[in-house]
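Look for chain A in each of the two complexes below; its partner is chain B in the first and chain C in the second.
Let's look at the complex of A and B:
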């Protein structure tokens, strides 16, 4: 079902949602675009927002979180879970790529033993997508079967249609948000057409392309070739930025931290780009940088396809925009397929 | 001591928050070698002592609160369940702290995780166990399991080696198996000493010497990565197919359940898809990822 809303009504809509949920919106923190709880007034991000530097994954997988606390009493150890934060959250304005990224993380975190820290938050989260109008020249989502208007992965999809926003109700969870909301009108055929045109226009602006047809074959064929990978990894400085800012990267570490009240077992972001990540006391399978770069590329473009029939990359382009040495995944992928051909 | 057929045991799955450990209590500490200790332990919770079930080959995350978690296989056999055991070498932060623990100490335990040795596949076959150093720990769970159900299996060969006589783990088991006429036990060391009367040589070389037949056989190999890397080609030479070679792998494992990302070999996670693998499963990645 399609509805629509005028720009001037958005603040009111967000206020209504804020009663039940924490509404998260794009924001600028000292010039860096990230996400924060909506301040109750400002919706100007609708004008300046392209995509955030920091992906919204941190609201589902916090950078640091206490899994439980432990304390030693006279009857031995007792463990205590953090108070359950059952509050709902709405991520308003999530881009299609970042929403698909969460669907990709779901594959891992909902499978087998569920990771309840993630799953509970995820179940309490509603994604309101916002179709892109001005993609970056580093975006390559259209090569990954997606695009600026892709609604798979969101609960509601908003698309600019003139001075209004078209609202597509994608899931039942999305419908819960629109049900009874004020300021919503019925969308007319003309609105649908104008929204479709906006998406098409935006899609044409995504000019960066990768050919993924034989990428998995090329990765497998070159897996053991050290020089091949050394070449690809040469300029990387192993800072891990590409993985921290990647909307699908979920790797984490578990450590114990002591404080005055006792101690806590803590989960924190980690990165396959660090040698310590795989270090065992006597062995480390990925001491050399090229093995770690190979892991990053192979995980997303070989292992994910093998296990889940999807890439682990959504083409958001953050790793290209933010790499300090301009390491470029699209260049790597294109050179890979060139090599196998 | 109760001896049971483990294939009848229901699989045990943790419910709720899997990251929350159970408390277990150390009941006995055995000094295996100067750097390796075995710990006997049991659940603090009475009900868990009854309900908990595991299979040979599975592992768990053990933790000292305030220090951290580390993965080790359960080295005892599910056929002998008045307590459970794990063995570890003192090498890192957690293992050093564990080595300082005595009887009565409480630690965290979550598991069992991972797959297990394929008992159905092994039934009716000749089994060749090849172990090195502390790599005998997971094999030991299976060896006792097999011995406790001896009629289900054919010939049993055990080839076990360590750096020196002092580095041989589970000497009490080696002795028992050595005396067991239904088991063909070969022990070797890289370097002997003046009292050593057994074989001297690396495990792969001794395997080549012993030359177990590949006919209706399965080789189960566990030890340091370098030993595994050199043993597979020897087995291949003896006629073992990749499907007839089984190993259990070790990685840095934090979550134990396929989430934290670090223990993969190709698209397989050692914690989730292993730790038991056939060589056929991992051969395209093993030379460079292990």
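Let's look at the complex of A and C:
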């Protein structure tokens, strides 16, 4: 159902939610936009926030997490799980692309295999979406069946409607947040129209396009062609930016950090773009850079479609904005199909 | 045909090089992107402008054949440094020098106009000023307020070691004290404050290694950061390990770093890496009277040793 709220009421709403949950909002520090616990006052992000450099996945698949501690005793090792953090969290203002990205991670960590660390956090998380009003020139979500007002991945969806925010209750989890919340009004037909117009206006600003019609075919047909991929990978410097900042990339590394008595097993982000990632005692199947670049593109645009009938990319454009050499996934995708045609 | 396109095309046509490494317009506003090509027709896309920020010498050690490379002053010194380290042979490169007029720092522009780069309509350099267009409005700023810090501090904008020197388009306006300002800010802190400052910076490092990947003198095939026996730093991004990684990296690039500024530029979370790397450049100069990449026949700083050196240095 639809409700609405004035900008001036948002702080109060967040305060109410903060009693039950950790409310995460976009923040900006040292020139970097990321997510942090709401400070209880500041809602100025409503004016400047477009999207964050670091994606909100970091609150579901943390960059660094302790899986368990171990201790050496008389009769071998004893294990201790981290104190279960049952606290709920609300990600306030998540963009449609990033929410959709979590639905894609669900396919791997919740549906295929149950990663309890992820699943517990996911169950404790409520996503409050905020429709985009000023997409970047690097956004291309509309080419991937989504858009600035897409509510499919969120629990509540907020859309600008004049000087108010229209609230759509998308899931039951979302309704739990609005139930009894103060400051909410009933939305009128005019608010719905004004919100729809705002979304249409934003959609028109998403100008970057990819044509994915034959992408999977092109990837399959050229999979073994080293020269084809060397060309595509030529300027890539094999850093981890595109994968670490990608809201759907989930690869991780596991290390034991210990002294003589014990220590902790920690999990941290890893990237298929690092040569070390696939290094094994006998061999490394992806020594050459082109094989790693091929993996990144193929995973998102060939293997995901084959296994899950979705792309592994949501078009958030982070990898384009932050790549130090302007390796642009949309340019690569468009050139793939052009090469086959 | 612009001079660079002409020269590059001729090099390929005459078989003097197998590849050209230059810059072409990027896919984002005010961006350029490396162009690495064997195809002479591609040379028509080569550009020189205030946005050719990358240091293309990073690609040299990995490419085979003869390489024609477009360099700014700092990049040309990186090429020399690579020659000194036997990472590329002098006769394998044809160095095309750009008399550099400075790189525009888009972060500074964004701050000046409170808009992100894709919301800006135009940025035009006019002599020692820059005009920024936003919709119908136009604002002018002194060039020194938008040039990259490393350019403001640059002493060698005109490549010395080169085979072809392009005609200058503009002249660099430097301001060494402005270029040094952020480093001085860190230096003026007390030891405790400085420690707290760096702790805060490295807390947000995501260990993407972009700083290392774009650095031409980080050419090791296996970085110490990935060693396991012994493990110098944890691969997990604890701030302490992030900081150790960067401190050790600074030591490894000492005497090789030419203050090209690309590590800091690449960092996705704005860690002020130049406050370490430029500080190291200054220390190397002060302690050893050595400027990286200025003499291709000199031994690399860390590969040479004079008996009377040690006492003053290792205190």
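Here, the second predicted complex is superposed on the first by the 336 of 341 C-alpha atoms of A that agree within 3 Å, B and C clash if a C-alpha of one lies under 4 Å from a C-alpha of the other, contacts with A are read in each partner's own complex, and residues count from 1 in each chain.
We adopt the following convention: a contact is a pair of C-beta atoms (placed from the backbone, for glycine too) under 8 Å apart; a residue touches a chain by one contact, two chains touch by 3 or more.
Just so it is clear, the structure is predicted and the values come from calculations on it, not from any experiment.
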### Simultaneous placement of chain C and chain B on chain A, clash or fit
fit
### Query
For A:67, is the partner it touches chain B (first), chain C (second), both, or none of the two (neither)?
first
### Task
Calculate the angle at chain A, using C-alpha centres, between the directions toward chain B and chain C; round to the nearest 10 degrees.
90
### Task
Return first, second, both or neither, reflecting whether A:241 touches chain B, chain C, both chains, or no partner chain.
second
### Touching partner for A:251 - first (chain B), second (chain C), both, neither
first
### First, second, both or neither for A:303, with chain B first and chain C second
first
### Task
Figure out whether A:266 sits in contact with chain B (first) or chain C (second), or with both, or with neither.
second
### Query
Is A:220 in contact with chain B, with chain C, with both, or with neither (first, second, both, neither)?
first
### Message
Output check: A:320 vs chain B and chain C. Expected answer is one of first, second, both, neither. What do you get?
### Response
second
### Query
Looking at the superposed set of three chains, what is the minimum CA distance between chain B and chain C in Å?
8
### Query
Where on chain A do chain B and chain C both make contact?
253, 255
### Summary
chain A residues touching chain B in their complex are 67-68, 70, 72, 76-77, 79, 81, 108-109, 111-117, 220, 223-224, 226, 250-256, 258, 263, 265, 270, 272, 277-283, 285, 291, 295, 298-299, 302-304, 306-307
### Message
For a test of understanding, state which residues of chain C touch chain A in their complex under the given definition.
### Response
26-29, 31-36, 54, 58-59, 107, 116, 118-119, 201, 204, 206-210, 212-214, 226, 234-238, 262, 265-266, 268-270
### Message
Show me the residue ranges of chain A that touch chain C in the complex, using the header's touch definition.
### Response
30-32, 34, 50, 53-54, 63-64, 134, 136-138, 234-235, 237-241, 244-245, 253, 255, 257, 266, 268-269, 271, 274, 276, 320-322, 324-328, 330-331
### Summary
Listed in rising order, chain B residues that touch chain A in their complex are 13-14, 16-21, 23, 44, 63, 65-69, 91-92, 95, 106, 108, 224-225, 250-252, 254-255, 257-264, 266-267, 272, 284-285, 287-290
